[in-house]
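Here's the structure we're looking at; comments come further down.
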Amino acid sequence: MGADPRFFPARGPISLAAIATAAGARLTGDGAREFLDVAPLALAGPGEVAFHEGRRNTAALRQTRAGAVLVAPSAEAEVPDGCVALVCDAPQLAYTRVAALFHPRPVPVPGIHPTAWVAPDARIGEGTQIGAFAFVGPAAEVGAGCILGAHASIGAGCVLGAGSIVHAHASMAHCIAGARVVLHQGARIGNEGFGFVTTPMGEHVTVPQIGRVILGDGVEVGANSCVDRGAGGDTVLGPGTRLDNLVQIGHNVKTGRGCVIVAQVGIAGSTELEDYVVVAAQAGLTGHIRVGAKSRIGAQSGVMNDVPPGTDVVGSPAWPARETLKAFAWLRRQVAAKGNDRTGGTP
Amino acid sequence: MGADPRFFPARGPISLAAIATAAGARLTGDGAREFLDVAPLALAGPGEVAFHEGRRNTAALRQTRAGAVLVAPSAEAEVPDGCVALVCDAPQLAYTRVAALFHPRPVPVPGIHPTAWVAPDARIGEGTQIGAFAFVGPAAEVGAGCILGAHASIGAGCVLGAGSIVHAHASMAHCIAGARVVLHQGARIGNEGFGFVTTPMGEHVTVPQIGRVILGDGVEVGANSCVDRGAGGDTVLGPGTRLDNLVQIGHNVKTGRGCVIVAQVGIAGSTELEDYVVVAAQAGLTGHIRVGAKSRIGAQSGVMNDVPPGTDVVGSPAWPARETLKAFAWLRRQVAAKGNDRTGGTP
Amino acid sequence: MGADPRFFPARGPISLAAIATAAGARLTGDGAREFLDVAPLALAGPGEVAFHEGRRNTAALRQTRAGAVLVAPSAEAEVPDGCVALVCDAPQLAYTRVAALFHPRPVPVPGIHPTAWVAPDARIGEGTQIGAFAFVGPAAEVGAGCILGAHASIGAGCVLGAGSIVHAHASMAHCIAGARVVLHQGARIGNEGFGFVTTPMGEHVTVPQIGRVILGDGVEVGANSCVDRGAGGDTVLGPGTRLDNLVQIGHNVKTGRGCVIVAQVGIAGSTELEDYVVVAAQAGLTGHIRVGAKSRIGAQSGVMNDVPPGTDVVGSPAWPARETLKAFAWLRRQVAAKGNDRTGGTP
């Protein structure tokens, strides 16, 4: 079963030869044979192309009804009879290219919806599509070839680079965004940071938050995620950084290139992530710390100190991953052995 | 004190007899006596009906000024003089029925607000109400008797079943929804999943996300919660499943019937919940696991493995609830006994 | 480097004398010297005013190129030559006042945007600004001098006090809000609480949620945060309470004056916070508990019981902070000493 044509009409049929070329895969079988779509291994039929990667799904591979499958050399022998094996080194990466043949990135339909509102002094690039009830504020600049979904809001003075997509209900303010940026539904960019001073009488006085948000080329911000603007100076997401849904980014946070921030993570003010840091779901990072390049923060971790480059940490408070896992295993053994001893675990 | 009539005008007066019938309660006293509204036990006055359930609130029951109270047989003796006892087996359930007498589910006022925009080829069912600035995209279908709030957005091709409510600012895309579905304010359905492959050069390449979201009959999605569409194949919330606010549902997650997902929970991609699973607040479930029917996941748990049916787990990493609680109690005793011993807890 | 004039045009130049007066600082140097803006210590140039507070940033103070700096008496000696020291007791609080000289709170531009929709029977106060696609429902009241951003939604019957700001895409329903309330982008007020009763057949029956949300004067609600209305009776945020982004407030929660709820915190139904409670990021509070005045809940804590006034707790489950930190340190020592002993830690 391919994609639902109501949402994702497939651009097929496409020949096996073209598919193999896109995938960078070794072609076996009839290059002229035509395929209609891609589909998951377990759901694909004879007119569809699937992929297999990882040890987990070998059973699904053996039983697939797909017409062709992208596989690593090590799994080629498991491809069932009647299914074409497209052998390549990185099947999932190859799949992204084949899937994009059938389902290319949405192309803007140039024009401004009659219900949208664009400020007279805003600048809109060529070929850009502006959806229903979208708002483009005074002096804002939207680059060429962008798509603004229904109810999207580009605040006064904002800059959005070419080829960007702002999905339905996403909003940005006080933001300079690069090319090919994607804001998913309900993303909130440029909020006032949570900055205030409390007087001795207990009154909270707002510190004027007069910085910006800078989004590098290719940054993606997930649905209903929030990125606060700098208090003074900027909040910066480096090129290619991706945020999943419901993520919180505090004021003056900085990330390097290609960081990956999974759903419901929170990063407090002024913390800096170097390049290619991965923060797994629901982790929290306190403010004013630095996480070294390529470090990985485990899910639900609570990070309260700097993390050296290339380090895996986990737990709350976060320790090096190996140590935390050891601690929990040890604790579990203690309790298994002695849980009924109400005097505690020592003789 | 009943409900604020600016928001919830009560459909009273209603006779005690009618109230007792709706509640399935044993009627004592004058069936013709009239009541004006329901109210909480501690705030109700003589013209109002309250309920009592659980041991916690016995003091409030003894002191209530309510005119009538729904109570279990075991608490009947605590009802103060002058207050009518409406004795029934499940007082809170009975209360939902009595409250619905005074405050029935909102009924759509059929029509399309002059500021709304409905695509020419969209189909709108009879008796449906479409609010200000609501958007219904091309080829979308909205069933009969629905309510779309202000700024609601129904994306191209979506299907919304009869009797559904989409509250203000909620949006759906790539979604097929059953009857009596409720999306609360700012809910985001059908977001692109967080699926990408990272090249050896560190570039993140999006895997086309070409699946859908399927919402069963009676599904409710809380305010600002997010449900990503399938990567290939569908994300599915089974009939009667309820999500609280700020919940994250990853691509290809599947839930059975009547699951309950409390606020700020995150469920990663491809994880499956069987029927009637309860996930308490802020818990996280990793991807590609299976949680058996009627299992209960404790608040803030981190679940990294399959959970057998009917199991309670808690903790991060999650263990069986009894074991985790024992471990923490044991740890606490250790520290209480030996916390000052810097050499550690063993001789 | 001062603020980006596209977003935050500075109201300068302002004389050093005026700056010192606003700051309540001791003036040294030429009172007629003019400054152009405020800026962070590390980025400020000779025309700008910065501040220094805390031991952490002494190096930045020594190296600053700012023209003037607000400092505590204890740090005056570290101010470099050529930089004017503005000595005061609370430099950050003084900074908020100086920054507000250059960047005063946004002033409404009175009027209703041509694309907005205001119900005929809604009342709008003098001097209020209503933005593009904003919605003000039937019988709603918006006070004087308010700002409603693009796509803001004020539901039927709501009351919003004078001087309030509802940022883009925020929405309120069933809410009575005081003066100077701020709702940040995408905040959701007045959602139906997560209240239902499950029948023996597994069906979830909604308990009609017929209470309100009451927001005291000066309450702020962060981006994409959610505040559910009461089930019966009200959800109340006391005067001056501030919520950061992505916070969840359940039905019938009550906070006192000046509480601070940091990002991604969840507070379950009917829990009460007395005055000036601080709840750090990602903590969770179960329902029906009471947290005493000035207590502080640590980040990621899970609070399951009442907390006495003035108490710091941390951990999940939350214990007194000192005890939890001791427990984790002890556990870590155990494992460091004995982690390789697979038989467990006791002889």
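Note that the chains take the letters A, B and C in the order they are written out, and that residue 1 is the start of every chain.
In the analysis below, a residue touches a chain if its C-beta (ideal position, glycine included) is under 8 Å from a C-beta of that chain, and two chains touch if they have at least 3 such contacts.
None of the values given here were measured: they were computed from a predicted structure.
Enquirer: What rotation angle takes the CA atoms of chain B onto those of chain C? Round to the nearest 5 degrees.
Expert: Angle of the fitting rotation, chain B to chain C: 120 degrees.
Enquirer: With touch defined as above, tell me whether chain A and chain B contact each other through largely the same residue numbers, more than half shared, or through different ones.
Expert: The interface is built from different residue numbers on each side, given that under half of them are used by both copies.
Enquirer: Report the inter-chain centroid distance for chain A and chain B in whole angstrom, where each centroid is the mean of the CA atoms.
Expert: One centre to the other, that is 27 Å.
Enquirer: Going by the contact rule already set, what residues in chain B reach two or more other chains?
Expert: Touching at least two other chains: 133, 151, 169, 186, 224, 246, 264, 282, 300, 316, 331, 334, 338, 345-347.
Enquirer: Within their complex, state which residues of chain C touch chain B.
Expert: Within the complex, chain C touches chain B at residues 117, 133, 135, 137, 139, 151, 153, 155-157, 169, 171, 173-174, 186, 188, 190-192, 194, 196-199, 202-208, 210-212, 224, 226, 228, 231-233, 246, 248, 250, 264, 266, 268, 282, 284, 286, 288, 300, 302, 316-317, 319, 323, 326-327, 330-331, 333-334, 337-338, 345-347.
Enquirer: Over in the complex, which chain A residues touch chain B? Could you list them?
Expert: Chain A residues touching chain B: 1, 3-4, 6-8, 38-40, 42-43, 56, 90, 92-93, 95-96, 99-100, 102-103, 113, 115, 132-133, 150-151, 167-169, 184-186, 222-224, 240, 242, 244-246, 257-258, 260, 262-264, 275-276, 281-282, 299-300, 316, 328, 331-332, 334-336, 338-339, 344-347.
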